[in-house]
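Following this line, the structures themselves.
You will see chain A twice below: alongside chain B first, and alongside chain C after that.
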Partner chain A sequence: MKRYIDNSAAWLSAANIIVVLVFLIFPIAVAVTMSFDAREYLGRFPPPEYSLRWYRHFFSDAYYLTGLATSLRLALITTIVSTTAGVSAAIALDRYVGPGKQALESLFLSPLIVPAVVIGFALLLFFANIGVFDGFTRLLGGHIIITFPYTVRTTLAGLVGIRKTLTEAAMSLGATERRAFWDITFPLARTGIVAGAVFAFAFSMDDVAVSLFLTSPDSYTLPVAMVSMMRTNFDLTIAAAAVMLMIFTFVLILVLDRTIGLDRLIGKGVFRS
Partner chain B sequence: MKYSRSTALLLLPGFALFLALLVLPLANVLDESFRLFEPGRIGSAKDAAYTLFNYAEILTPSYLRYFAETFKFGVLSSLIALVVAFPIAYAVARQPSPILRKLAIGFLIGMMFLSTLVRVNALQLTFGPTGYGQLLSGLLNVSPNGRFYTELVVVFGLLHYLIPIAAITLLGTIQNLDPRLIDASQVLGASRLRSHLSITVPLCIPGLLSAFMICFTLCLSAFVVPMILGKGKVLFVSNLIYSRFSEIADYPSGSAVAITMLIVALITIYGITWMVSKRYGNLK
Partner chain C sequence: MSVLELSHVTKRYGAFVAVENVSFTVEKGQILSLLGPSGCGKTTTLRLIAGFENANEGAVMFSGVDMKGRRPYERNVGLLFQDYALFPHMTVVENVAYGLKHRNFEKARIPDRVAEMLSLVRLKGFEDRRPSQLSGGQQQRVALARALATNPEVVLLDEPLSALDAKLRQELRFELKAILSAVNATTIVVTHDQEEAMSLGDSVIVMSAGKIMQQGAPTDIYANPKTRFVAEFIGRSNWFTGQLARSAKGMAELNANGGIRMFVNIPDSSPGDGAFDVCVRPERIRIGAANASSGDSPVNEMRGTIRDVAHLGADLHLVVEIAGGQLLAVTEKYFGQALEQSGQEVSITFLPGDCIVVPSGS
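Moving on to the complex of A and B:
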């Protein structure tokens, strides 16, 4: 009886894993296949013939290309601003000892718990009130505030592991505080900083909920362009764009693995030899 | 303290961003939420009278429906995600082969990072009329354009990103569990299932609660999934806020909904965190 129950539980758990894998992967496979569909219209899956027409269509459509250019420019500036601000805030938080350290830390992480739509809506009202109507500036504001907590958090996680004695040793050997920082702390904290920058770039490239409120007719991001196309027409250019976004995710994972190592990102746990 | 001036200087950019892009805008929303709205305008007038009307409106059934719907989908999808992700997290945490383990973790992280638009588009193509929509709705004996099928696809959309996140969160918890406890209980005669049910699961309750919290707050703020996959039939609170901006420009009402949504999110997060630390704080 015991063995019977155990066997069925083991089967159930294996079946669960397979069903979940299929559920996660199969739709993606369908989308990738459909993006190579040679038909001119959106037909049934699977496509009878394959071609690159939807990719050609994407790269000849000014609407998508403008969105892509804006997205890339926005993600780059966002990453620079929020990494700079995040890293300096994290260094200060790491050094600071005294009352309110915890409060200060949760203050900087608080944009994470405000729903994105609320941030988008709030910024829309605020920018209208203070008279900022330029789409790109508004988008930049929105993207900086949603990515900032990630850069603070990952940098802080990187800094906490560095022993203070290393800096003290450098300073006792005659280095100035600044020199000790650039020669000792910064190189050791680099992985955390890179992870934060990668997160910031990725979240900026992916955001819809905040951007949708802040776009203007001439400044819109690629995800916003894709969403409005998804609502109005059924066309496989979106699938082609989605496949390219996916390749972008894949590259990102590779970068993360090369710089930090995926295992370090998750941790191995206490009880692994 | 010798660092204090440079420390304050380092905090300055963060503070400035935080004040200008979060505190002031939210204060603005709070103020707007108490303003009287005159139909036909965009937002409230500069000197509009203060009123509680926008909040009173939320308590009417037509508004509460959005909150009820968001909660229903949030609780249901988060629970399914936890149940389904737990065995996966366990299998990865106890995976002896380092290559398989790395592949699995890479896969989960990749699925977590995948753009929402990629998922939504993939699910649209797979479960829509040109994919397997006819087949699946036929199997379930429902109309592919009916409410039930649309709700099902929305749940799929939520699960597609909740499952990887839940699995990664639970992975951390399970890894910190002493595997010898399971061995001990089995030596003492428990079946494998029994030892998991009476040891692994109870010890993972704090982790399960925080995974639930993460999933549920993600559902609360889900926006693209209901907007695209819900086809106008399933609408969450976030979609209500968006329609207050895009359709009728009733900013005071949108503000009241936004403030309410923010409070609900804060209560959920702090409530569950408080519960975990109070009841299970001694486990750590």
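Moving on to the complex of A and C:
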């Protein structure tokens, strides 16, 4: 009897995984398929014929293209700033021992807990108060804030596995503390740092909630453009835009990973030996 | 002039005194063992010498130069960490070359020096391996090569053998000693393991609660511990506690608890009367009645019952219960004789010269 319960539990968890996978993949598959629909109107799934008309539409629409360009520029700058700030904060947190360490860590991660809508609205008021009305600057500020917790978190996770004796060994071998950081700590934490950068890029590309509050007529991101098009001019260009968003995110993550990430020559994964 | 000298060094963490008034010197090529239980201050002493900590009082001097305020990279020490601390993202060669690069070793000679060190620790052919691809013993040899490559003034070994299994430990102990003497390294070994301390060290310092309890050659410390702590920490020991009364020249009689009486040798300088603890090492106790031919020097003889016999290869560890229920540890060599049986009644003997007298409660 006990055995049957165990077996059925195993079956249930397998079924669970399949259901989750279906729910994850199916909507995306539908959206991707529909973006190739040849029909002029929004018809039933699956499309009877396929064409690239919505992609042509997308690439000839200045509104979408401006959104895409802003999104890419924003995501790149956000990734650079957020990673730099996150890595510095994580290193400081990792080295600091004393009262308030926990509180400080929670504070750095707080944007994860505060609803994005609240952050967006609060930032809108804040920027208005200090007299910043440029859309791009506001978006950048917002995106840095929402991506910062990820870069801090992943870098911290990378630093935790690095034993203090490694730095001490480097120092006993004649390296200054700075040298030891660049020779030992940084390369070993790199996996975590790159993971943070990838998260930052993906979240910046994807965000709607915060961006909605901070856009201006000439600075808006692709997701924001998609939301506003959905309200005014709903057609399958949105599906094509969604696919483009996915492609750009995916490609840039890949590039990031290949250039500064998985340096196969130097090592593999996070070092925990 | 001594290569290393600690002079009245004290280190406090808040109210806690980790190292208190510690002084010692180490000469060129000498190996000194710092031995003590965890928390005795031996690791702090090592960190003070390496420069990871700064002393509150006293001085750490390298060849007469006060190291006060000098960072680790401004001192020339070679440190072998307990966990080896090999850089996991570097190869064996890169690990060994690391110190040479940062200690301004002539660049063109680095490859030669690395090769020389790797042949010293017998790791030729492992140049391009990563630490994760090496066994524990090999990792330790890389760490040793890395520490010795820069010709450090002082080599510090932190529990060098404790991470290895017992068999490997014996092999490496011998090898470690050979390597250290080959480069004539001035070395400090920090360990909680008395075997490690005594086998590696030319001289041993026993520490407890931040203070030096005793310093001497391994044999001297084993044979003449000055306190009960040292006697108990080094080797196994049986204890008798009681009042000592001087009876003849160099001789006293102990009236121990449980009605046991025995003769002990004491030096003339010792006060001779009062409360003392007497230690008898397990290997000094013999099973069997006293020889008639022992002459006029008295022999301590007791009756007892064997409670346990453990055969540990070359050694037999026996537990003998004597009057008052006291259990004594007795060690015999095994050379094929018939083993004593548990429950067997025996006589045990030891000589007054086998007794080590220390002040009571020390």
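Keep this in mind: the second predicted complex is superposed on the first by the 221 of 273 C-alpha atoms of A that agree within 3 Å, B and C clash if a C-alpha of one lies under 4 Å from a C-alpha of the other, contacts with A are read in each partner's own complex, and residues count from 1 in each chain.
What we mean here is this: a contact is a pair of C-beta atoms (placed from the backbone, for glycine too) under 8 Å apart; a residue touches a chain by one contact, two chains touch by 3 or more.
The structure presented is a predicted model; accordingly, all values stated were derived computationally and were not measured.
In the superposition on chain A, no contact is made by A:Q102 with either chain B or chain C.
When chain A is checked against chain B and against chain C, the one touching more of its residues turns out to be B. By the touch criterion stated above, A:T232 is placed in contact with neither chain B nor chain C. Once the two complexes are laid over each other on the shared chain, residue contacts for A:L188 go to chain C alone; chain B is not touched.
Contacts of A:A170 after superposition: chain C is touched, whereas chain B is not reached.
Note: residues 266-267, 271 of chain A belong to the chain B contact set and to the chain C contact set alike, using the contact criterion stated above. In the complex of the two chains, the chain A residues touching chain C come out as 163, 165-166, 168-177, 179, 183-184, 187-188, 266-267, 271, 273. Put simply, chain A touches chain B in their complex at residues 2-3, 5-6, 9-10, 13, 16-17, 20, 23-24, 26-28, 30-31, 34, 42-45, 82, 84-86, 88-89, 91-93, 95-96, 98, 104, 107-108, 110-111, 113-119, 121-126, 128-129, 141-142, 144-145, 148, 152, 202, 205-206, 208-209, 212-213, 223, 226-227, 230-231, 238-239, 241-243, 245-246, 249-250, 252-253, 256-257, 262-263, 265-272.
Remark: chain C residues 50-52, 71-73, 77-79, 81-83, 85-89, 98-99, 101-104, 130-132, 146-147, 150 touch chain A in the complex. Contact residues on chain B toward chain A in their complex (touch as defined above): 1, 3, 7-8, 10-11, 13-14, 17-18, 20-22, 24-26, 28-29, 32, 43, 84-85, 87-88, 90-91, 93, 102, 105-106, 109-111, 113-127, 130-132, 156, 159-160, 163-164, 168, 171-172, 174-179, 191-193, 196, 217, 220-221, 223-224, 227-228, 238, 241-242, 244-245, 251, 254-255, 258, 261-262, 265-266, 269.
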